[in-house]
Every structure is written in structure tokens, then in C-alpha cells.
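Here the chain labels run A, B, C and D in written order, and each chain numbers its own residues starting at 1.
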Amino acid sequence: MVIVIRPDATGEQIDFITEKLKSYGYKLNVSKGVERTIIGAIGDENALRDRPVKTLPGVEDVIPILKPYKLVSRDFRKEDTVIDVKGVKIGGKELSVMAGPCSIESYEMIHEAARRASAHGAKVLRGGAFKPRTSPYSFQGMGPEALIYLRKAADEFGMVVVTELTDPRDIDIVSEYADILQIGARNMQNFRLLHEVGRQEKPVLLKRGMSATVKDFLLAAEHIANEGNLNIILCERGIRTFETETRNTLDLSCIPIIKSVSHLPIIADPSHGTGKKVCIGPMSLAAVAAGADGLMIEVHPCPEEALSDGDQSLTPDEYDEVMNRVEVIAGAVGRTVAK
Amino acid sequence: MVIVIRPDATGEQIDFITEKLKSYGYKLNVSKGVERTIIGAIGDENALRDRPVKTLPGVEDVIPILKPYKLVSRDFRKEDTVIDVKGVKIGGKELSVMAGPCSIESYEMIHEAARRASAHGAKVLRGGAFKPRTSPYSFQGMGPEALIYLRKAADEFGMVVVTELTDPRDIDIVSEYADILQIGARNMQNFRLLHEVGRQEKPVLLKRGMSATVKDFLLAAEHIANEGNLNIILCERGIRTFETETRNTLDLSCIPIIKSVSHLPIIADPSHGTGKKVCIGPMSLAAVAAGADGLMIEVHPCPEEALSDGDQSLTPDEYDEVMNRVEVIAGAVGRTVAK
Amino acid sequence: MVIVIRPDATGEQIDFITEKLKSYGYKLNVSKGVERTIIGAIGDENALRDRPVKTLPGVEDVIPILKPYKLVSRDFRKEDTVIDVKGVKIGGKELSVMAGPCSIESYEMIHEAARRASAHGAKVLRGGAFKPRTSPYSFQGMGPEALIYLRKAADEFGMVVVTELTDPRDIDIVSEYADILQIGARNMQNFRLLHEVGRQEKPVLLKRGMSATVKDFLLAAEHIANEGNLNIILCERGIRTFETETRNTLDLSCIPIIKSVSHLPIIADPSHGTGKKVCIGPMSLAAVAAGADGLMIEVHPCPEEALSDGDQSLTPDEYDEVMNRVEVIAGAVGRTVAK
Amino acid sequence: MVIVIRPDATGEQIDFITEKLKSYGYKLNVSKGVERTIIGAIGDENALRDRPVKTLPGVEDVIPILKPYKLVSRDFRKEDTVIDVKGVKIGGKELSVMAGPCSIESYEMIHEAARRASAHGAKVLRGGAFKPRTSPYSFQGMGPEALIYLRKAADEFGMVVVTELTDPRDIDIVSEYADILQIGARNMQNFRLLHEVGRQEKPVLLKRGMSATVKDFLLAAEHIANEGNLNIILCERGIRTFETETRNTLDLSCIPIIKSVSHLPIIADPSHGTGKKVCIGPMSLAAVAAGADGLMIEVHPCPEEALSDGDQSLTPDEYDEVMNRVEVIAGAVGRTVAK
């Protein structure tokens, strides 16, 4: 931590600041510049982060030096984390494709989605049972019944299941059917929920919040890791910006940034990340080219009848066509797609 | 709902679109312009909102006409909602000042905060027992013990209590001690939590999410209202923008906007909304001038020792000084501050 | 400047970094922490700011300590700058109200706007002759003829004139008629234009760019100051955020922030800053309460006939009503409004 | 244009609105819904766009139906525009790679940059002579001398030249040396400059402004086109968001969006768009995968000595490595890179 002293600070104020920092257990390194004096505080930075040092009279600014996350950082683990979900590897050479409808509406539709998705590169079946919806008048999901359908369809095609958990009280029922627990963007800073999934053993798919910086995103993962679960899959799904042509702005730059500071796998969700059909194909290719470890894509057997997100879902045929192109890009960047 | 037809749509496509809309139960009004044909669909717009009309071949755009919220809108209730919390009126002529520390750290400190806050205009005591913190290494709150302290301190000075609920499993314990249940910014779209507070009777203080538009904010309130509880106090607490000098950007313009479309009271939180001590006073005055029904201000007897948000807390003396100026502004806009 | 060294940097890399910094003329202060070594570089920080120190092998991060602006900062001048425009003081106790239409459409309308504005607190007449418009199909302003009308109307009512300069080639003609040269938001980083107005003597009204941080804004002012002209009036007019209910988000927090680091006067423009009539009154009051030195308000004798921005213009009667309330707030914060 | 009528509008108000709209020359289509009456105004929408219809008593909202741009839209020209610059095609099957240093610092460096760039896929040499810099204390470019160097280096390697124009007064000197005139992000709404480049014949490279929506971006292009020059190359170079890990957020989704509504070619600039070396390679690949017609990449023979943007420049060797991977991706999406 570096403390910048105001140019008009008195000697007494500086003495008080240094005594205070020493009393917290820090060693100090004082550097007098032409325009400002700065103090380097050497010791556990996270402990100091919460101290209201900025309020001390004579302090102009307090600048952290270290990254605030540890367990999810490359400092903690150098090599890439590869997560094994019943034999399906996430974070390795093979791209992880997670496909399926936004919400499960019947057994027939999830079965058909699983059939088509598994036939073309997807080993993870996605589908919502509990849907967080902006409006209370929108379809909120079928609930537990949908979980049974989802599991059944996945099993039939040898897929693993990812589905969203929205309430700590649902963890047992959701865990009974799911292989990967998804934390949605709106719950990225629902810390109580993060702690729950951190205390159990199933892998967690953590979606980036709409207003989360990369730092916030990794700190949310750290909340999970700190409870004991390091099997975390990050998912970029768009951030909120002033642009309104797309529902969100898919921030693909975060992929190389996160790869450089964290060992966790990261996938991209171009369906939610753009909300526009015309973008899903191109942004799927772009995500893989940028280094994503996988894709989450909404596929609906009949988007015209979908009860949620139909506008951004691909038909199985459109999905096939996107996956054909994804395979070529995967090859170009040294990745593979499951056969 | 207005459906814009692509200029290259075929007659068959247009027929299919109109048949589809009629099958949903809408009456149609077709208007052929020079460059585009548009179809007005007359009927329940919310039902149509979820239909993936945009995916129909030949459709260029779908434009909603009505506001998506109902119960919280002025269409539903013309006059301002005034909420009565044990005799304390929120939304009336008297400004509602909610003051206290970010988190409760001991009985002594909350007692002292209550003493000083109640002496100067605050009838609502705030304080966190369960703290959602970006980093898992920050102080997460004292938990249930803090609630006892908070209640005791409030009672001693005749104040009512507002505190944050972060988990549906805590609703009984929090309700036992609190008069107003706060939903924090990070949980604004934790719909399961919204439904819980919507099903009970205590008033709810709903903070605006960092990436929530005014529409999202009112829809979150609608989630609560739709479960039966219309005693909702909105709270503007800053949105996330590119500006980094302040922790968030306090969007005071949302106050007149919301007042024009909703009957709910709205207060402002300049402490979290700016995160900078130098802004708290000026932005408190500005919020009242803009029409806010109250203020939420962090007051800590000894900010230098605070375990959270010390940098943005006022000392009781600083609070007094801000409140002296708030009183003058309140008078200037026809409001009062409690004696 | 603080240079953070990567934990895996070799001794040779560190030597190279320190030699490089010394060769630039900096004295160094090396501080070895538990997890990172940091180097404080003492000397002219602005010179170092442009050096690509981050590219040196072994460097993790480079953190500036000083503010990048000088002449516009409080370090350079402690007391508030008060600008005298033909006897009209900007930045003093009296609020500077600048009122008039978005664009000048005829002599009659600017005469009527001047008559009504001058009758109620405004000593500065605003009006556009050259209009930067998002669409090429919108009215682009009357050009030079409008300047003659503007000057004549201002003179008749003893007002001074502010109008926008959009092209360095217009500086002579605009200077002939205007007392204050306005640089619009879209040109805030048109540095060639900034340099031109920096080399002449008339005061400059500099509007904040839609994507400008406070730092960018003050650096734009520094571009003007560095050419010799310190008579700069800053104007907050809204930044671009995800919120779409208002045209921009008026960032009033920037007023106390800027007041704390700069000596320049700052006013607010709630007309462009919100683009919504319902917000103009409340945000005018809020700006004054937050410490603004003045207001820029669009007044049009007949908004229904306006050729630009009619939706956000006040009628003279509405303007009177807003000014009545501004006067009360001004009094409450120790300011005055001209009689 | 659709006009939404307030539910409490009187018959007289509605009559006034309809008379007004008819007086502007519009045909009307009135549609009475359950909750709102809406009026479709049939006629030239751009003419109505500037009319302050929202101010008419009884009007709740005014919703435009048509896109505000014409000449740059696919409605105007169905097929992709391919621009021929002295035989170099931009917008065709072959990717347009524009490489070179941020600013030209000497003949030797631009010569070396041209040698290496032309050897690996770049047919366009970029380099700044007049640099718009956020701080007045940063290097502002060498000026006219740099143009001579740039031209000479390009000619030696058979490249064409793109360089930025920042002032209408420089158009003759810049045109003398450049083949493509670049309008920088900060000048995207410097309409006077846009009109100048619209009135001459050389192709224009228009960079997206940091706070420009896709609509604003295309309207800026329309300003150029409306003056007669349709040879416009769009360039996505990052927008301003809350994320601070990257200098800007490169919005690749805008590529498929723009391709779907406009016939103009669009390239991406991952150097300015991310400002981080670790992102340049991955985002170059991603841009090509997303459908970009080319790339603008900063290459500096010795980034450690660069006077501007050294932190985000590639060395020639790094550039070679990125281009090797770009070639593979190009092949995967059916594009080619020049040999």
C-alpha cells in the first residue's frame, strides 16, 4: 500500500499517520519527492485495505499495490485449472460447449435440444428451471419439475447438466439434478449464495455481473474459493454500457486479461452477451479466437414459441451452422470440439 | 406494441405475422408508410412482451408502447404514497433522515451514533449486521448480535430501525429487530429475496442496483408489489459509470423522473453514492433540492476506527454541520426536518 | 511514479529497470515488500508519464502519484478564480445564469429570450449560430447572421454574450460578437481548437465531453491554460451512461470534486444534461445546492416551434418559475442571484 | 413516427396534436388501445424528428420508426462497398491491415516499421504527424515533417498511407501526402471536419467516438456521405465503459450489427481499443473472426523508446507472430491476407 501525503500536511500529522500505520503492524518506507511525500506500507495489504487510512488528516490518497484476490490468481497457482465433471474436462484443449434452451418448457423440447446439441459438440446441457426475470409478469420458470426433465434428457445423450441456482434454499434440490451449479449475473454479488456453493463440491459456473469489473468478478470467485471450492468456471456474458443496439456489450478483452492473472477457465455466452441473433455466430467465433475455453449458447427447438429469450435463441439448424464455423476457428487456435 | 415490418418482407410473411398476432388475441391496426409498414397490436402488452415476435420472418423491430410496471406506476395510484412506520412518515412533507454507521461494531458505537443522529433530524437508525462485501477478506458484519444492539439503541432514542436483509433464510431474525427491511444494491435483482419481502408486511427500502436503469429499478419494486406489499421506499445510491473519482455516480435526475411516473417515495444515499467525504454534504443538499423524500447518511462516532466504509462516513460533528445546511435547503423547497 | 516489479522478475531485469529510470534523471527509492518490490521514481512525473516503462521486462504496473494537470489545480492557485466579463463576475458570490435558446432562429426570438432572461437573473445571453448536430439532416444553425442578432439582443438588455465556436477558422468572426467563447462537449478534446482559444484573451466556457472523466476534463482545460489563457469556466452537462430515461446523466458530484482540486469556476447545464423538461427545474436547484457557480438554461419564447432542442427548452414563464426557486436555494447556500 | 397520447389527454389536446401533425404534411393513422391511444404519422420522418412534438400538451412519448441515416444504410445500397485506394481494395475478401507506429518520431523508425509491416500482410502504412493527446505535456507529434517521412517510407515499400487529420486548416498539406484521411475518435463529432473530408475525394477512415452509439457512429458517417463522399471506412476502436483493466472496451459486437444495417467496410483497432499488449493478439484474431474487414495495429521498431503509446505497441517480431495467427483465422472465415 502506498500512502500519498498532502503537500500541506504538518509534521505532526505525518507523525500521527506513521504511528498509526506502525501500530497496525506495518513496516514503512518514506520517500520524499519534489511535490509529494509518499509512504510505502509493507505488510498484509488486505488487512490494510479496510482501514480508513484515507480519513487520517494529512493523507491525500491511498494506493493499493497488490491484487485483492489470492486463491484465484496465478500467483497462487501457475498452471491452468482444468475441471473434470464426470469425465468432461473444462479448461483443457477441448472447447466446452454448453447448449440448450433459456428455460425448460416441456420434456419434449429439452429432449430435442439435448439431442441436437449433443450431436454437435456440446457435452454440457443447459436449461433454466428457476428464471430470474426483470419483470414479474414474465415466465419465471417451471421450477423443480424442469430439473427432472433436464436430468433425464442429459442422461439420455450422455451429457452433464448445468443449471442456475437462485436461492440458497434450493441448493439440495438443484444439486440432486445438476452437475454444475450456475450463479447468474444478477447474483454475482449475492455473497451468501456464493458462500453456499463454495462449501459444497460441485463445480460452479459464475457469470459476470452486468456492472462488475474484472476485479469484482475475480473477487466474487474468491468468495467461492475462500470457502473451499476452487472448481470455478468463469463466464463472460456482457456488461452494461451506453450502447443499446445490443442487450449488453460482450467484453471479450476480459478473456486475455483474466487468463493473464487467473488460473480459472473462462467461457463466453454470446446469446445473453448480445441478445441479438445476428451477433451470436460472429461472437461465438470471436470468443474462441480470443481464447475462451468454451461457449454457452441458447438453442431452442422452436424459438418462435419460446417463453423466454426466444429472440436470441438459435434453432438447432442455426446452431449446427455456427458450430461448423466454431470447429474451424477452434482448429485455427489449436483447440478441438468434441465429436 | 408496434411491429415494424422489413421493407423486403413478402406478402406471405406479413400474413403469417398478422395471423400469429391475432392468434395471441390482439386486434391489429396496419399502417402503410412510404418506407415501412407498421402494425399496432392492441391488447395486453405484457403478455406480448415475452413472445418472440422479433424472430418472425419479415419483422424488423418490435417497439413496446406501455411502461412494463403497473402497481408502482402513477397510472395505478395518482397520489404520492406515504408510508407510516410506527408513526414515522416516509414520503410526506418531513424529510426522512436515516443515519448510522455502515456496520455495527459494538453496542457503544451504535448507541453513540443513535444519540447524535436522533438529536439532529434522524428518526430512522441504520446499521449493518450482515454486510455484503466485495472482498471475502473484508469484515462481513457481526451478524445477529448486531441486530440486538441496533434495536436497543434505536429504542433508547425513539427511533425506528432499518437494516439489510441479504438472505431469505434470515427474514425471521431480521424482522424480529427491524422496522424496515433493506434490500441492498447488489440484491436488487435477487428476485427470490424480493418475493420474500413482498409477502410480509414491513416496509421495504429498495436500493437501486449499480447497473439498473430506472425501468429495471421500478420493475424490481414491482416484483415486491406484485406479492402484495406496496410499502416500498426507493433509494438512489449511485450507478456505475466510467468516472472513477467517485465510487459511483449519484444519478439525482432519476428523482424527478421517478416522481413523474411512480407514486413511491424515493430517498438518496450520498455516502455510498459518491464514496467521497468531500461530496457527502453537497450531494445531500442537492438531493433534497432535487426533490428527494429523505437521505441515508453514514455516521460513525469514530470513522478512523471503522471496520468498513470509514472513508465515506461522517463524524457526528460533521453530520451536524451537514444537517444544519440540509434544514435550510429543506425549508427552501417546502420540506421540514424533524426536531 | 511508483513502479511495481513482477514477483518473477530476475535480478538482471530489475537492474535494467533501475538503470533505465536513472538514465531518465530520476532518483529511486526501492522498497521490498513480502509479495512485491516497488520502486518510487522521484522527479518530474509528467516527463515519465509518456515513457513506456510498462513495457520493460519485469515491470508489473506503473502507478502515477501526482495529478497530471498543474495550472488549473489548487496546487497552482489556492483561491477561487473569479472571471470578469465586462463587469459580470463569474465564480463569485453571485450565481452566473446563462440563458437563451439552443439555436438562434430569428432576431425577434432572441430579442424576446434576452428580454425575459435578463429580467430574471441572467446576465449572460446564450444562443447557437453554428450548431453541431448528430444528424446531418437536422438544422445546423443560421451561421454568421445569428451572431449579429445575438449581439444586438444582448446589448439592448445589457447582457454579455456566450456562443459556441466549432471551427478554428471561425475564431475571428465569433470573437467579434461574443464575450465568452464556448467549446462544446463534442469538441472538448479537439485540441487544436483548445489551443486557439488558449492563445486569445476572451474567457472560455469549456463543456465536459460525454465520455470525459474529471481528469480528462481538467486536462482539456489545461490545454487552454497552457497556451496562456486561464479564464476558463467549466460546465458540467451530463455524461453518457447506460440510463436512457435522460439524454445524459448529469454528474453533479463532479462539482465538489472539481472544487476540491481546481480553482476554476464551474457551472451546470441541466437542459442538455438531462434533455427532459421534468428534470430541468429540480436539477437546476440541485446544481446550485451542490455548489455550482451558475447555470446554463435553455429558454425559448416558443419551444413548440423550435428548430432544435425544443423538447428540453423552457418557456419564459417556466424559466421565471425555476428562477424563483433558484433564488431561494441560492440564499440557502449563501449565494445571490442578480436583480 | 409513432406518437403516444397520455391517458389523461383531453379531446381538445388530441385535436390540436392531429392538426399540428397534419399541418406539417403528415398523414395520420390513429389506433385506440385499451390503455393508450397512439398516432402513426406517415411521411418524411427526418423532417419530423426535429419538431418538438414531445412538448405538445397531451403527448406522452414520440417514437421514431426509421433509422435516421440513409446513404450509409443497406436500404440505400444492398451490396458491400469495396473501396479502391490505388489498387488496394478495402472491404473485399482480402483483409486490410494498416500497421505502423502511433506517432512518427524519425525517418529511420517509420522506414523500419514500413519494411516489417509490408513484409507481413500490411498494405497500408499508418503513423501520426499531428497527435491529439489528453495531456498538453505529452508529445504532440512532429507535424508536417512527419508526413514527408511517412510518404517516403510507404512509397519505398509500395504501401498506401493513412494519417490523421485534426484540423480543417491542415487538409491541403495532409492530402498532399496521405491516401486515406483518418478522423480520430475524439473528432468523430467534429462536424465541420467531417464536412471537409466529405467534400473531397480521398477515402476517409472514421474512428468510432468513445461515447458514440452505433447510431451516432453511422450518423457521423452520414455527415461525410451527405457531402458527397461515400468512400468511408469505419473503425471500431473501443468505447468507454466502467472497466478499467483495459483502456477502452473493444465492442466487437458492433461489427455484425453494422454489417447488417450498413454497406460500409469496418475494421478494428485492438491497439487503441484495449491499450494492453496482452490483448492485442487475441483481439486481433477475435475481430477477424467476428467479420472485420481489416485491422489497424500499432507496430514500433522499439516500443521501449516510443514517445507515445509504447505500452500498447507491438515490436515487429510480435507483429509477425500475431499476423501468423491472423492468417490462419482469416482462412477459417474465408478471408485472405496479402502476401
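We take it that a residue touches a chain if its C-beta (ideal position, glycine included) is under 8 Å from a C-beta of that chain, and two chains touch if they have at least 3 such contacts.
Predicted, not measured: the structure shown is a model, and the values here were computed from it.
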| item | value |
| --- | --- |
| Same or different contact residues where chain C meets its copy chain A, judged by the half mark | same |
| Centroid-based (C-alpha) most distant chain relative to chain B | D |
| Between chain C and chain A, distance of the C-alpha-averaged centres to the nearest whole Å | 38 |
| Centre-to-centre distance between chain D and chain C (centres being mean Cα positions), rounded to whole Å | 26 |
| Centre distance in Å when chain B and chain C are each reduced to the mean of their C-alpha atoms | 31 |
| Per-residue overlap in chain B, given as positions that touch at least 2 other chains | 211, 239-242, 244 |
| Residue ranges of chain A in contact with chain D within the complex | 211, 213-215, 239, 241-246, 249-257, 260, 273-274, 276, 278-279, 281-283, 285-291, 325, 328-329, 331-333 |
| Complex contact set, residues of chain A against chain B | 46-47, 49-52, 54-56, 68-69, 130, 132-140, 166-169, 186-187, 189-192, 209-211, 216, 219, 222-223, 226, 239-240, 277, 303-311, 313 |
| Chain B residues within the chain D interface of the complex | 2, 4, 7, 29, 31-36, 38, 40, 42-45, 61, 63, 65-66, 75, 240-242, 244 |
